[in-house]
Amino acid sequence: MKKLIVILLLAVTGYFLVDSFMDLGRTGPVVETGVKDFYLDKTVSELKVANTITSIVVNFRGFDTLGEVTVLFLAATALGGILYKRRHHVGERSVLFPSSPIVRAGSKLLFPAIVLLGVYVFIHGHLSPGGGFQGGTIIATGFLLMLLAYDNFSVSHNVLSFIESFAGIFFVLFGFAGMWAGGTFLENFLPVGTMNNLFSGGIIPIVYILVGFKVAAELTGLIYTVLHEKES
Amino acid sequence: MVGSPVLLIAIPLLAAFMIPLLGMIWKELVRIIPGLVLAFMMISSASMLMYVTNNGTIIQTLAGWEAPWGINLVFSPLTAFLATLMTFMGFIVWLYSYRFKRNVDFEPAKKYFIFLMMLVAGAVGIVITGDIFNQFVFIEITGISAYALTAFYTGRNSAEASFKYLLMGALSSSALLIAIAIIYSQLGTLNMADIASKIHLMPAGYKVTALIFFMMGIGIEAEIFPLNGWAPDAYTEAPGPIGAAFAGIVVKAGVYAMVRMVFTLFDVSGAMDILLTIGLITLIVAETAAIRQEKLKRMLAYSSIGQMGLVFVAFGIGTLEGVYAALFLMLNHAIIKPLLFLSGSQLVFNSKEKLIKEVNGLGKYMPFTAVLFALGSFAIVGLPPFAGFWSKLSVLTAAANEGMLLIIALILIVSVIEIVYYFRVVNRIYFFDKAEDLIPQKPRVNAVIAMSVLGAIILIIGFNPDVVSTVLHNASADLMDTPQYIKNVLSAGQSLTN
Amino acid sequence: MENQMFEILRYGIYGGSISLILIGLYAALTKRSLIKIVIGLSIVDGGIHLLLIAIGYVKNGTAPIFSPGFENAVDRMVDPVPQALVLTAIVIGFAVTAVALSLVIRLYRHHHTLEIDEIKNLKW
Amino acid sequence: MFIILVFFLIILMVGAAIYAIVQKDLLYAVIATGVISLILSALFLLLQAPDVALTEAAIGVALTTIIFIITIRNTVRHEDDFKDRDDLKSAVK
Amino acid sequence: MIYLIFVIFLGGAALTWLSGKIHPILRDVVFLASLIVPSVLFYMNVEVGQTVSFSLIGYKLSWGINYLGYLFSYIVVGLGVLAGFYAIPAMKGKKNLGFFYSNFVLSIMSMLGILFSRDLISFFIFWEIMTWSSYLMVVFQGKDVQKVGIKYFVFSAIGAYAMLMAIVIIYSLNQSMMISDLVSSFASFDPTMQWLIPILLLVGFGVKSAMMPLHVWASGSYSHAPMAYTSIFSGALSKMGIYGMVIVMVSLVPIIPEGFWLRETIAWLGAITAVGGTLWAVAQDDAKKLLAYSSVAQLGYIIVGVAVGTPLAMLAALFMAVMHGLFKGALFMVTGAVERQTGTSNFTEVTGLIRKMPWTFLAALMSIIALAGIPPLGGFVGKWMLYESLIGSSHYILVIVIFFSSTAAFLYCYKFLFGFFLGQEEKEWAHVKEAPAMMVVPMLLLAFGTFVLGAFPGLILDPINAGMQEMGFASTQGKYWEMSMLFNEWGDQIMLQPILYAIIAVFAFFAIFLTIKGFKKTRYVTTKDISSSGEVPLEHENLTFSVNFFQPFLRTVEPLMKRQIDKYYNEFGRGMEALFDFTRRVYTGNGQTYALYAVIFIVILLMFKNTLFGL
């Protein structure tokens, strides 16, 4: 009975969602020129960044990104708080499955490659697809792999904490520096260089690298916390 | 003017990132730093409020891009008023819990203060941002802090409350994203002022669908009737000061977001009536639920929801007077309900079940807390000469000027219900005999200071409501004047064509 | 013809994303297991992300990344803004999911069940 | 060709979603969710959103799934019996 | 100066509380000072017509006193100060006295404030302060707090909110809060409002003056408050309702077309109140309850007078209001004194105190005579004028009802007097002493006041006349005799004086008789000393004659008393709570259900968006 009601309700919701979005193709947006054209234009002309998404995420809407890393930071902190127990079994990790030697060896082999890929992705965030989030998450998956493969692989919580704190602090400080140098928070105050160079785009790659570090540390810490959640 | 709007967000973020490091140096810093940050936010926003009152709206662009392209922060009389209120309440809550949380282990205490600070920062962000997606991000910041704070105590039913909150919060963010998607797909912009200036171009059907999704998404934060099931649980299970923070800070941000949508962003004619109806239903359902409660904080929670309903009724009247009344109500509620939560949680501090009947006779043992609770009760039911009366009066006059007699009658009937349940508690505090096995918990000095500041404000506003009327008048005029808002935000850069 | 194909593509993507949203909501509203509910919510998230990306898509679009020599491809570039939004939204969604799951673990510790109908100590 | 691919993926994705919600074994449901994320990531790539695709692949496929699995391991594996059953442990061992 | 009075009151209230922490005597002194000093300032420095205005969040407020208010201020201030003196010994040894005294001061301040208010906002503010300060007094002794206290406050709140609704409607129509503006522009309101506003206001005032369907709080609250306060509560505070009612009845109701019906209804409600209150008073065994119901009944008379609204009726009503303040204040003080000395106020337990507490008895006797309306004391004048005005305005049925009620009132008067003071002396009360002088003097003063006003009603008729003139009645200065056959052409009191002399003679006779008889050897018997029948009563049987005192009479009127309105209110309240218990079940506690609500919410809005959003 409840399921029937829910299906009916969802049918209505779905109808209106379809109604709102399906016609879009037929009629098109009412405002032809949105902010995107400006972004596409300025990304090349002023920021000298190849990846428009990077320029949006880090520069045009950099404040969102700051908020977002905060959300991640808060989630990691919250996880620790929610799963907090007085007597925490430090060092004991719940093992999902014992890994075979092949997996271990493969993980060991892959791990540096994955981390390197991640670093590459976030360093070249302004030139090619990818960036801080992507690179950070890739690095985190690398750590995840290691954590799963080796029972005794451990990451220092303090180091993670240092990395995430410093990355966050420097992100905000870069914002302040922009304020000090250019007048607005997170303003791109460094010279932008030439397009498609590694060193271009002013603070964009720097901030994105910070984001990468922060996301990587955050996610690794998060996984680490959850993995250490022993069944009581 | 001390600071600038962006510092209200950036400084707490910086502090939040620093606290884990600083905590390694000296553990007490974990408790002190948030207080300093909140104090700074309070002072800064108060001074900016003064600046705004004299010199007009501050628009702060971020990352060097003008309004429609970059994100901008709007510090208008309305947002300044709300930001000041929130940061002030945040500071009070910090002050109250400073030593309250001393007996808690280091790790949770660290988290408690970070989350408290981020709760305030997120709520302030919701209010001062000028961009709908940015607002969404701040709603999430506030949300995650709130979930974590709700689940702060292990061993109670706090995880249950937190999970309900999170479930609703997830629905809320989905609805918000869908609404943002509709808006963006039609107008190609995310800036509130830009949307407001172009919304008339949007076909009515899409517009209303977007508005409905927004209403649902924000309604969950603003605790309107069918969406507020999480609220009483979260208020009840969260630590006492956090209940105060929810009532004084988070809900206010939700209400702000809602009215900003309805008044500024959308030009939909029936939206006011919807607000009015929803507000009335919320008011009635919540207050009738409150009268049957057995737990003190849960009763206060329902009462708080009901008051929010009243705020929506006042907004729904739709006139300048109505908005003024609503803001006045928000101000009073933001002062009085935290006082009730703080003193109430002090009263039931040592009882296990936190039942209302466990406050019996505590007036003798904790006279100061009890007096403040009674003062809060008197004020919230709108007895003169306390603060609540003036806001209730202004709501009623605003409604009367529009000829809404039935609504006046309903509001007053509900007020009678409110009186019944608040006075039942006050009677118990003063005129019943204390349960023998209950040891009253004397409030600590900082808690006393926090509560008496709130009590003093109630008396000051009660005896001379004119101290706040200028600010409120400016704020309400600001909310009503959409063209001015658009002009303020978009004045620096020219609006996008057509 | 090409336009028609594009229309069909749009319908397909929108239909897919909306059905994902609805399926997720269905799970969140009817399943009794907390984990299923969280799965439902994450499916809803996925649907919304696809929806946002689909909004930005243009016919025969290219990724909004400039490569040397193709600076004039601006007209064919897909809208980068929804992509930026989705990037943010994915991370936020993950954060919320993680918190939700940790709460599920807490609830299980406390109630020894995952049935949502059983977990209602707080009511009325 | 492009369209067929997209449609195929979408149908697969919806199928995976339905499978995820009807499957009583939560572990399979979670893996189906991971599959949804994987397909989403492919779709993002097809829709010219490589950045999003990267993120979705890393977060949706790897991290979310692993957190779900850890949760299931700490709680129960089957949707219908809500009591603790050591199925998962025995299954993975 | 006007501000100063209120500042002293407020500061006095706060200081009283604080000084109680230092020393009780200091507290008593501060308390009396904060009552007396503003009162003196008021009578010395404030003149009628003197106003101060200020503005608060856009409302123009104005304070000042007019003649009608001046008349009522005699009741408030006079009774307040006397009760203040009385309170100090009466309350000795109770807990939380600082709280009591500061509330006391606040009550007096708020009542004076009501009289001072020339605008509706300050009127309402003072009204509410009066309500909650009296509420705190009702629950002060902690008996039946949840029942009686909440009932009192809920009814007060209903009244106050009805009034508030009227006030905001007036403001929306008038854009002014001044009472004078209301009176001057009332004629231009549309008929619906002309009916709605007075009715709402009358509900507000009716609650405080214990008018029939709204009276249920009165008995409990009057009897539960400390007696030192009840004398004001019943004597002065209820008069605030009358004060408001006079304004409505005189200034607004005549303007309403067909407003005649409103008058009649209120008059009948008043009469029913009088009858019901009297009958219930007769049935009581507890002095406090008896006086409480008696107050309800007396207020009923006053309401009848106000509602009928001819000049004579208004004169009668206002006169009775003053008289009621005097004698009811005295009677509650008497009860308080008896209760303090014996520990109970139940007639079936306390008897024969006449020798133990002679001065108290004297005060009680005089007040009872005034209450019953026997010449020469003041009650008679009021009642006479009321009858005359009712007959004069052809309200014959009403007059019969009132007459029945006031005849029945003799019964409870007798019961009160006899129950406490006359009858056998029980050993149990042999140790009882006279109350302290500080308690006896105020009540004697009040009782003496009833005597003076009975003999020389002209004293108070002047201020009443001034007040009435201000309300728009034709001047009756020096022409009272034309209004009532009670007065002759000399203007004030001459016709009464022969009666007075006759009465004094009778008194003297009885006094001599009693004294002589008292010297004789009298055999005193106790209640257990029953020689008339063979049955020996058991020890625990209460054989005091007050038990089932008016049994036959009560049996006769039983059908009338069976329908207790209280019961309906209680059932309504229970029904509402059951309903609320049902509605709150929408919060099922299941998170999924809440999520479902959210979806239902959105679906409803989406489905009806065309109608809801006016597309």
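A, B, C, D and E are the chain letters, set down in written order, and residue numbers restart from 1 in every chain.
The criterion applied here is as follows: a contact is a pair of C-beta atoms (placed from the backbone, for glycine too) under 8 Å apart; a residue touches a chain by one contact, two chains touch by 3 or more.
These numbers come from a predicted model, not from an experiment.
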item	value
Partner chains shared by subunit A and subunit C (touch criterion as defined above)	B, D, E
Farthest-lying chain, centroid of Cα atoms versus that of subunit A	E
Centre-most chain, if every chain is reduced to its averaged C-alpha atoms	B
Pair joined by more contacting C-beta pairs (A-D or A-B)	A-B
Chain separated most widely from subunit B, comparing mean CA positions	E
Centre-to-centre distance between subunit E and subunit A (centres being mean Cα positions), rounded to whole Å	74
Distance from the mean Cα position of subunit C to that of subunit B, given in whole angstrom	29
Chain centre separation (subunit C, subunit D; CA means) in Å	13
For subunit B paired with subunit E, centre-to-centre distance based on mean C-alpha positions, whole Å	44
Residue list for subunit B, restricted to those that touch at least two other chains	133, 137, 140, 144, 147-148, 151, 154, 159-160, 162-164, 167, 171, 178, 181, 184-185, 190, 205, 209, 232-233, 289, 292
Junction residues of subunit E, two or more chains touched	584, 587-589, 591-592, 595-596, 599-600, 602, 606
Sites on subunit A at which at least two other chains make contact	6, 10, 13, 16-17, 21, 24, 34-36, 39, 51, 53, 61, 64, 67-68, 71, 74-75, 78, 82, 129, 133, 222, 226, 229
Which pairs of chains touch, using the document's own definition	A-B, A-C, A-D, A-E, B-C, B-E, C-D, C-E
Parts of subunit D lying in touch with subunit C, wherever the complex brings them together	2-3, 6-7, 10-11, 13-14, 17-18, 20-21, 26, 29-30, 33, 36-37, 40, 43-44, 47-52, 55-56, 59-60, 63-64, 67-68, 70-72, 74-76, 79, 82-84
Complex contacts: residues of subunit E adjacent to subunit C	584-585, 587-592, 595-596, 599
Footprint of subunit A on subunit E - complex, ascending	596, 599-600, 602-603, 606-607
Subunit D residues touching subunit A - in the complex, by the definition given at the top	50-51, 53-55, 58-59, 62-63, 66-67, 69-71, 73-74, 92-93
Subunit C-facing residues of subunit B, complex	133, 137, 140, 143-144, 147-148, 151, 154-155, 157, 159-164, 166-167, 169-171, 173-174, 177-178, 180-181, 184-185, 190, 232-233, 236-237, 289, 292-293
